[in-house]
Each structure stands twice: as C-alpha cells, then as structure tokens.
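One chain, chain A, appears in both complexes that follow, with chain B as partner in the first and chain C in the second.
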Partner chain A sequence: MSSREILKTELAKLALGPFDSALPGPLRLQMELDGEVIVSAKVETGFIHRGLEKAFERQRWIASISYADRLDPDGPIFGELALCLAVEEIAQLTVPPRAEQVRVLLSELGRISCHMEYLVRVARAVGSDTMIHYVLRDREKILDLFELTTGARYSINFLRFGGIQADITEGFIERILELSELFRIRVKEYNDLFTYNHAFIQRTQGVGTLSSKRVRELGVTGPNARAAGFSADIRKIHPYSGYDKIDFEVPVADLRGLRSGDANDRFLLRLREIAVSTEILRQVAENISDGAFCSRKQGQEIKVPAGEAYVRVESARGLLGCHVAADGGPMPARIQFRTPSHAHLAAIPELLSGTRLEDLPVVLSSLGLGVAEADR
Partner chain B sequence: MDKSKLISKLEAGFPGAVLQVQRFGKTETQCLWIEGKRIREVARGLKEDFGFNILENLSVMQIDDALVLTYFLRTSDPETGNYGECLIVRLSAHLKKPNHALEVASIVDFWATALPFEMEAGELFGIHFVLEGGTKRIVTGLRLPVGWRGYPLRKNYVFPESFSGVRHERAWIEKAGGKK
Partner chain C sequence: MNAFLWVSSWLEGFGLEQVESIWILAPLGLIFIFLFIIVPSSMIVAYLDRKVTADFQARVGPNRAGPAGVFQSWADFFKLLQKDRNSEVSWSEELWLAIHTMALYSTVAVLPLGSLMLLVDTDMSVFLPFWAALVVALGTMLLGLSQKTVAGWYGGIRVATQAISGAFPALVAMICVGLRAGSFRWSGLVAIQGAAPLSWTAFSNPFQFIALIVFLVSGLVLLAIPPMDAALSSPDVSGGVAAHLSGRRLVLFKMGRFYSFYLWAVIASVLFLGGWKLPFEISENLLEQGKIQLLHFLELCCLMTKSLILILLVIWGARVNPRTRVDQITDFAWTVLSPFALFALIGASLVAGWGVLS
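On to the complex of A and B.
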C-alpha cells in the first residue's frame, strides 16, 4: 500500500501593477497566493498623485475650479460643484434657480456617464464585449451633450462661483428629454444582457462581499454602501442645488435577501441609479426656469472673505467632501477633498483575501474606484 | 443630544481639555478646540459615550506657525447608515522649527477611517502620528517619490530647482502671480 505524499509548498508572491488591465487605475497590489487563492493583499497607491491640493494654493480663486475639475476625470462636475458650493457659502453668494437646475442636469449626466464607465469596466472583467460596445455607444450621447453645452467632452470646467459659465445652448433641454426616454429603453437592454444573464450571475454573485458592518467601519459610501443595505445619500440627507424639490427614490439593495453587498449587488445598484438619474433629468428638464445663469459678471475676479466651509455632495462614487479655508487673499488658503475612493481602496485587502485570482478583476472593477481622486 | 449639554458633559468629563467652543464658518455646527495632548481621551469619549461613530474627514492646514488638525465627526444610524449629528473637533500643534516634523497622537484605534488621512497628512505636512504604546508612524513614498525632501503642503515649502535630474520650470507660475 502506498502512503500519500504531501508536497510542502510555500506561498507564492505576486506583484501586480502599477499598470495592468486588471486594475482600475495606477496602483500596485502585492499579493500572497496559495495556489490560485489570494491569501493576503497589500495596496500601494500614489502613482498618479498630482499635488492638486498644493496647486490650489498657488492659483487665483477663479482658476481653482479648473483644478477641482481634474479631481476625478470620470466625474469632473462633482469636484467643481463641491468647490463652488463651499466658496459660495463663505462669500454668501446666491445662485440663480436656472443655474441650480443646470448644475443638477450636469451632475446627473455625470453620474450616468460615470456609472456607464463602471459598466464597461465590469463588462471587460467578465469578458462581455457586447456590453462594452453597447454601453460605449450610449455614453457617447452623454459626452455629446456635455460638448453641446460646455464645449468639452471631458474636464468641462463649466461651473462658476455664483452660477455657471454660460447659458445652456439651444436644443439642450430637448436632447435631455430625448436622452432620458432613450435610457429608459437602454436600461432594460442592459438588464437583458446582464441582470438575467446566467454566466454574468455566476461570475459576480458571492464575489467580493462587503458586509454592512465593514461598510460602516471603513467609511464606504455611495453605491457601494447602498449595495450593502445602507440608504445614506447626501442628495436626500442634506439636499443641495435644489435636490429637495425633485421627487426621486434612492435605490438600496434588499437586505432581506440571502446575500448582500457582493459584486453583483454593486453592479445592479448602479443600473438602478442610472434609471433614477434618468428620471431626475426628465423632471428637471421639464421644469427648467427662465432667468439669469450666474449672479456675478463673467470673468470678474472674486473676492472671497476670510472664513471657511465644509460641504458635501453625492458624487457618482459616494460622499465627496470639500473643506475650503480663505484668508481674504487672492488665492485659497487651503482646499482639501475627502474622496469616496479613499475608503474603497481601504476595503480592497479584505475583499481580496480568500478570493480566487480569476475573480480579482471582477472584485476591483465592481468597487468603482477612482484612483485619480484618491491620489489627487 | 443637545449640543450645549454635550459640551458641558465633555467639559465635566475631561476638565481643561476643551479650550474653546465656536461656530464652524457660517453654519450652526459646533467646533471644539481641544488640547492636542488629550486628543485620544477626548476621541474615546466622543466615540464610546457620545456615539460619534463616524470620522468622515480629517483635514490639516497651516495657520501661521501652527498646523491645525480638523476632525469632522458624525453620528450614524447603524441600520440605514443615515447621518445624524455633526461635530467638529480641532487641535493645533505648534511648529517649533519650520522644516521639522511634529508629533500628534493617532486616533486610528477609535476610527479606522482615520488611517488614510493620517498617512497622507504624515507625509505631506510632516506629522508623525504616535500610536498607542508610543510607536511613531513615519510615512514616506506614499504620495511623494522616494528621496523627495520637505513637506509640500506647508506654507513655507519651496519647490526644489530639480529632482532626480529633471529641472522644474516654474517661471509661468510667478508670471501669473503665484507664489514661488
């Protein structure tokens, strides 16, 4: 009778990144593997640090908006909006109703665009080329709308302290209404392609589960927290830019189910958020006010009195905080951002621990990380 | 809880720790200036006795020759995650020498979310956060390239003429009215 031979093996080490197609941006993963199972993972960031917060202190107030725009390339509107709200609070500037509504329209377009970028990343992780093509085709329509109104497809640099840079162009509202109608159909298509797709469910269900307890401890916010059952959304808790006048529901994953907070839930929640944003677009576009688009003269230097403010907006990735301090001078004394991706990065090691290597791209893409905004 | 009750309870619980109470900016949010050395005991009390279970943000800025650390705290509903009360706690640490690092007690044991903020502030502002037991966390290479000298977010920071053989051209900034 032969005795069983036990092969003694050591854990393998694998370093991934900073540039790899499996990663959501420039970061490095130092992993230990037991066969194909990840035993531990360490995240290194900072590869895309641009010194944004220092750059703010070296520019005049008016120029700081274009820097805030670069906070997150996938959702430039949110950095701009947070900064403008904070400065408007310090300088006690009013924003005309029309400008508030355009800000909401651009925010929701930005949210849908960012979520579509997310769908593409997840589709790439599970190997669905069809989905990538469908989503990118539709996202172009949003970028067209940005271009129509702001002149730029990315880095729109369109908000100003006290309003927006220019009034909306002719045909913008009509195209928003067309887009919201189109997206109602498209969300159904995406559902057919993914939500009820057996192969997709197998690749994402039970993968990268983030419990509600850990969500709270790690400070995870936004769609990732709502996929774990939390309903917190700044647009509802502390409404800004007139969100309190809009009738919408915040989608939350159903905690009564057997599972919650996995990659599948995070994906489905974003699909539901696209549908909600579409509805917000329709409501705002149908009720757009007439009147001024900015309370200040364009191009005029702003004098921000000494003071400080901390505002929060609901970006596509979660809670985006902006702390602004002014000393009465021509440049900001300090602008600091609290970005949602900070917390999402902190969740990676425990999400990867115990995960099979083949699921790594699914886990990472399902978090919707913005490495640029975390590194700043 | 009523804010004035909270403050009187804190003052009673930690005599001398609360140096000043003021409004934050133009909001009604209370901002407590506390003694820097007692941040850990105040943090423990705020979390365990007053239910501030969320550290939402930690922002650092330099005012004259002191670094001011601002902790944005919140209560939160454990079921829905909805935010409740907000409290801002502040401390200032005097910079004895402009280019030297200073030490501040870490609060990571109470709020795990503090870690990335402390790491970043540690490197960019030159703060060595002291953990329980006295170990100092000295961060390098997180945001800045290895070998970079100085703390860029301090007001007196002067950019190097070159780094790693690459010359920095900054004439356009001065032309635009920016500070060197």
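On to the complex of A and C.
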C-alpha cells in the first residue's frame, strides 16, 4: 500500500473459504477490509483433517507406508521416505546403495513435480494461463516417470523398510538423463517467458514479505526460509540417503536485496531449486550402482523392536520431521509428523494484513502451502 | 434520412418490394447488422481466440464440435442457453443487466461499417460509443452492487474505477484524430485517410501514432479487456460481476463483453488505420458500375480484416502477460497514458495549426 492512500472507510468483514478459487486448499479466512486493503486476517484450518496419525496406530507396519504417502498428495515420496528412515533407524536396517540412490532420484523428481505445481498455482494467482499450460506439459513427463517405475502417478507407495518395493524399470535411468537435459532448457524458457516479465515482477515484488526474523520465530523452513536468506537445508545439515555424496549447492536468496523474502523471491527460489534438483538427478543417474534393491525379503512381516526415532528430511515444502515410537508389537505405537506447511499457515495473518485483496491469491500461492499436509 | 437506403437495396436483392418508410428500415438495418455482421464476426473471433491461444499454450484447442472445432462457440452458446440458476435473481439485478445491455447495443446504430453502411453519421458520432462504454461500465458496477455478493461488490467497483481512469486518455486520443480530420463524423474521419498505410492517420505524424497506442491501451482499460481485466477475472473475486450470473444472463453478459471488444477494435481501425478505404480506386469504379452490394462487402471485409488483426494482437499480449492489478491499471492510466495522450494532443494541435497557417 502506498503512502498516498489515506482514504479510510468503515471496515468490512469478509469470510473466504473453506472452498474458494483464491485459496490453496480448504481453509477459512476471516478478514477485515478497509476498502481493498486487508486490515486483519484470521486463519481457520482442519477442514481436511483425516485423522492420519491415529490411522497409523491401527495398521500393521507394512501398511503404514501407504498412509504416509497420503500425508501430502503433491509430494507423496517425502512422507514415505521420512517414515522409512525412522523405522529403519529403530530396527537397525541397512539400505543397499542402489535403493538409496533410487530414493534420491524419486525425492528429487517429487521435489521438481511439487515445485512445478507451485509454479502453476502462482501463475493461476497472477492470471498467466500460458505459464500454467507450459508447466503442466512438462510436469506430465515426471508423472510418466513415476508411472514407469512405480506403476502410479500419485500415491506411489514404492518405498519399503530396508529399500524399495521393486527394482527400477528398464529405461528409467536413460529417461531421467533425458529429462534433466530437457529441464535445463525449460527452466531457461520459464525465465525468459515469465520471470523477467515486467508485469509479473510488478505483481509479485514487495508482496507478502516474510522477514528473516519472523522466519526464525515462526519456524518457517524450506524454500520459504531460504527465500528470506536462511541457508538451512536438511540435505546439507543432516544428510540422509547419501545426499552427502552428491555435489550440489542449496540456492539461497541474496540478502543484499532490499525486498528479500517477498513472493517474487519465493518464486525465483523454487525455479532455482528445480535447476539444482535437475543437476542432482543427472549426477545420481550417471553413477547409479548395481546390486540389491532391498535388504529384506519382499512381503515378509517386519518385526520392529521397541524404541523411538525422530528423523528429518527436506521435503519440497521444507523440513518434514517424523517421530516413530514402537512398542515391539505388530503395529506402530505412535507416528507423528512435523509438517512444514503448519509453520507457513502461522505466517498467513501477518503476511495478509496490509496487502490488497487482489494480492491475497498471490501471497497464499507464493507460500506453497500443502493444506492436506498441515491438517493431516 | 438516406442512411438506411442501403437496407432497401439489400431487401430488393432478396426479391422484396421497395420499402421507403424509415421506421421499417431502421430496425431492419439494426437487426441485419447484429445478426449478419456482429454475431458471425464474434464467432470467428471467438474461434480464432481459442485456437491461437491454444497454439501459444502448447495444446490443441477446440477440435470436436464441427470440423477442427469451428462450431465450439455455438455449442457453448446453446449449452448456456439451456441452463438457468436455481436461486432467485433480484429485480434490480435484472434491471441493471438490461440497462447495461441496452446501452451496449445502442452503439450498433453508430457502428461505422463502410462508406455506405453508416447508420448515424453526425458531428458527434465518434463520441457516442465512448459515452456508451461509460454507461456500460456504470451499469456493470450497479449490476455488481445489486448482486449483494463479495465478488459482485468488489468486481463492480473495480469495473467503474478502471473505466473512469481509462476514459480520459481514450477521449483525448479521439480528439487528436478529430483535430487532424477537422470533423468527428465517421465519413470525415475516413475521408482524409487513404488505402496505403502511410496515408493512415496513425502514420501521418508521430503524435497521431502516440495517440493510436494510447487509444489502444486505454480501450483495454476502459472496457476491462485482457490483460487489463482484473476487475472481471481476478481470482480473489472469482470472475467479479459474472460470478453471480449464469445461463442466458451469462450469455448476455459475455456477448456484451465480447461486443465491446469488437466495437473498440472497429473504431480504432476507422479512426487510425484507414477504416474501410480500398486501394486502386475500387470504390469509385464499383460505384460507377452500380455494384453497391459488392462495394459493401469489400469495404466490410477490409475493415473486418484490420479489426481482426488488432483483436488478435491484443489476445497475443493477453496470453503472454499476467493480469495486472486494478490499482496498477488505474495508476498506469492516470500517470502514463494520460500524459502521453495530452502530449499527443498538443503535438497534433501544433501540426494541425501549422497546416492551417502555411
């Protein structure tokens, strides 16, 4: 809001949601508006609470994986991976190198796919239909790869305790290499078409600025935190699944910029992450090792001894934590997730107050919220 | 009033008797223009829009209804006509929709479609569609306010703010053209232009070219055409005023939006781009030979081609660029378009004055 706008009107109350085209998922926003400017906003969540964590306690260990990939429908691999890593830690299972590499490949494919979903949402918020179609066209190729190797495009249910469900399909590695080459070109194309578009910059710059101080206080992680200048990335701090053997750099927004942490920064950072993930894909695919894909026999009931483990993975939205408690029985005693979107939800009220109503979809989509993941 | 004589020539062509009374000719003329010129060209533009957009966006576009999907617009039209909303529509909503539609289609009477197909050619012809556009914006705002929904309320107010900010530069740009022609009659405005691009008003001097650009862009703002359509399509108001309309009311509203876009392209072609002027003295030869209907047709084709190209250029811009925010649009209109329009006006006056003095 510029300083010229001093016209004050009576405050209007506006409730949006739980279902509205401006929202990233089922949420309710209770807002007070001064003309076109949002004065205050309250977020209500829980509209797609599925009792997921409770459901884990009523399933056998092997079934819990398919529940974990329902944690976030846009990035199913991250929930599965976090759960598998935690259970493997309790049960002291080793994972063969080939399985670890496939896990990394799937994670990075999932990250790119999730970020592309994000680009689509931002494009929809600013009304750029062309970008939506371009990005969706390319995202199809990733979903094709998921289908090729796991049989499903979403909810892949592919990881197993101690490895993966099956060996990768023939031609998968070659297609990954082709894809990484294609995406190198595509990211440049997106930049030329949209990132440097004056109207796009006008719509996103200075909108929904999240300061690094508030990032720390709210516990915001992942690309949103890195867009505010935080270089934290679990893949670097606590490497898992062999991320320490891969040579990659985590993109961080330049703090010297005056408006670091706005919607435009968050958008740019995701684009840069797509490029980095492409590079990781290429490295892993070129050095894929032979050998077993699982340290356990398929279909065998797993015996998890009593114990507890907490692991963290870097999901596409940020830090995804998984706390598993086992009592030695056939079913988990408790499985709990720390989801990044929950912290992002907490940032919404302050990001919205002071912005124009028209920027509401831009702010919300630029956070990359997974409401399903936050509600669980 | 011999403005409607061309209608009787067409009627004779269909084997009907000579009709002289103006009260029969005028409505027939309007219906003729609406049914045989506006509706078909709208359908052509709608089809081209979808196909060209699809091509830009790496997809196929309509391909089922008719060969290569040419009947898709008709299919949509008839589908929407069959639908109607369940909830009640308030009388004020009906009233404002009717007023907004009447204001819009009143401009059919002043639509310049050829040297002989000019229904109302007065000294104020240029301004009539312009005032109609403002009445339409006001009608749309009141339609939105009477809907008593968030989308309608905000959408309606935004339409009005946009229209007010776009109207001033558009008006000034039109005056620039009038200064050169010394008239605001359609016939006078086209008479000073030739068929060749260099003899068009837009390229007669740099100030007129600036006026053309200002007119094109401020038309987008005034009528809320993409990419300046934040008032009607922004996701936070989920379609604005149109969000609460459905069935035949939506058809009426959407066709009105489309017609205003079309009207604006036709006027821009007439004011700046040579209008219906045909090369190689075709008009004179055809007039001598008495082939009036062929002349009508050729002039119309010439004008429609120019308008279509303009429309496609705008669609191109709209597909490449994201939607601009309403306050950015109004800021742009007041702080960029208006100064340029005034600059063009001063320049055009100097050029006109120079011509008179020398």
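Note that the second predicted complex is superposed on the first by the 367 of 376 C-alpha atoms of A that agree within 3 Å, B and C clash if a C-alpha of one lies under 4 Å from a C-alpha of the other, contacts with A are read in each partner's own complex, and residues count from 1 in each chain.
Everything below uses one rule, namely that a contact is a pair of C-beta atoms (placed from the backbone, for glycine too) under 8 Å apart; a residue touches a chain by one contact, two chains touch by 3 or more.
Since the structure is predicted, the reported quantities are computational estimates derived from the model, not experimental observations.
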Message: For A:Ile62 in the superposed arrangement: first (chain B), second (chain C), both or neither?
response: neither
Query: Which of the two, chain B or chain C, is in touch with more residues of chain A?
result: B
- prompt: Of the two partner chains, chain B (first) and chain C (second), which one does A:His133 touch, if any: first, second, both, or neither?
  reply: second
Query: Of the partners chain B and chain C, which touch A:Ala22 in the superposed model: first, second, both, neither?
result: second
Message: Quick check for you: in the superposed arrangement, does A:Ile302 touch first (chain B), second (chain C), both or neither?
response: neither
Message: In the overlaid three-chain picture, which partner chain does A:Leu14 touch, first (chain B) or second (chain C), both, or neither?
response: second
Task: Based on the superposed arrangement, let me know which partner A:Asn197 touches: chain B (first), chain C (second), both, or neither?
output: second
Task: Look at A:Phe230 in the shared chain and tell me whether it touches chain B only, chain C only, both, or neither; answer first, second, both or neither.
output: first
- prompt: Common interface residues of chain A with chain B and chain C?
  reply: none
- request: Would you tell me which residues of chain B are touching chain A in their complex?
  value: 24-27, 53-57, 59-62, 70, 72, 76, 78, 80-83, 88, 112-113, 115-117, 124, 141-144, 152-153, 157, 173, 176-179
Query: Mind pulling up the chain A residues that touch chain B in the complex?
result: 45-46, 49, 51, 53-54, 57-60, 89-90, 92, 212, 215-219, 225, 229-232, 237-238, 307-310, 319, 321, 323, 325, 330-331, 333-334, 336, 338, 342-343, 345-346, 375
Query: Which residues of chain C touch chain A in their complex?
result: 53, 56-59, 150, 154, 227, 230, 233-238, 319-328
- prompt: Any idea which chain A residues touch chain C in the complex?
  reply: 14, 20-22, 36, 123-134, 137, 193-194, 197, 199-200, 202-203, 356-361
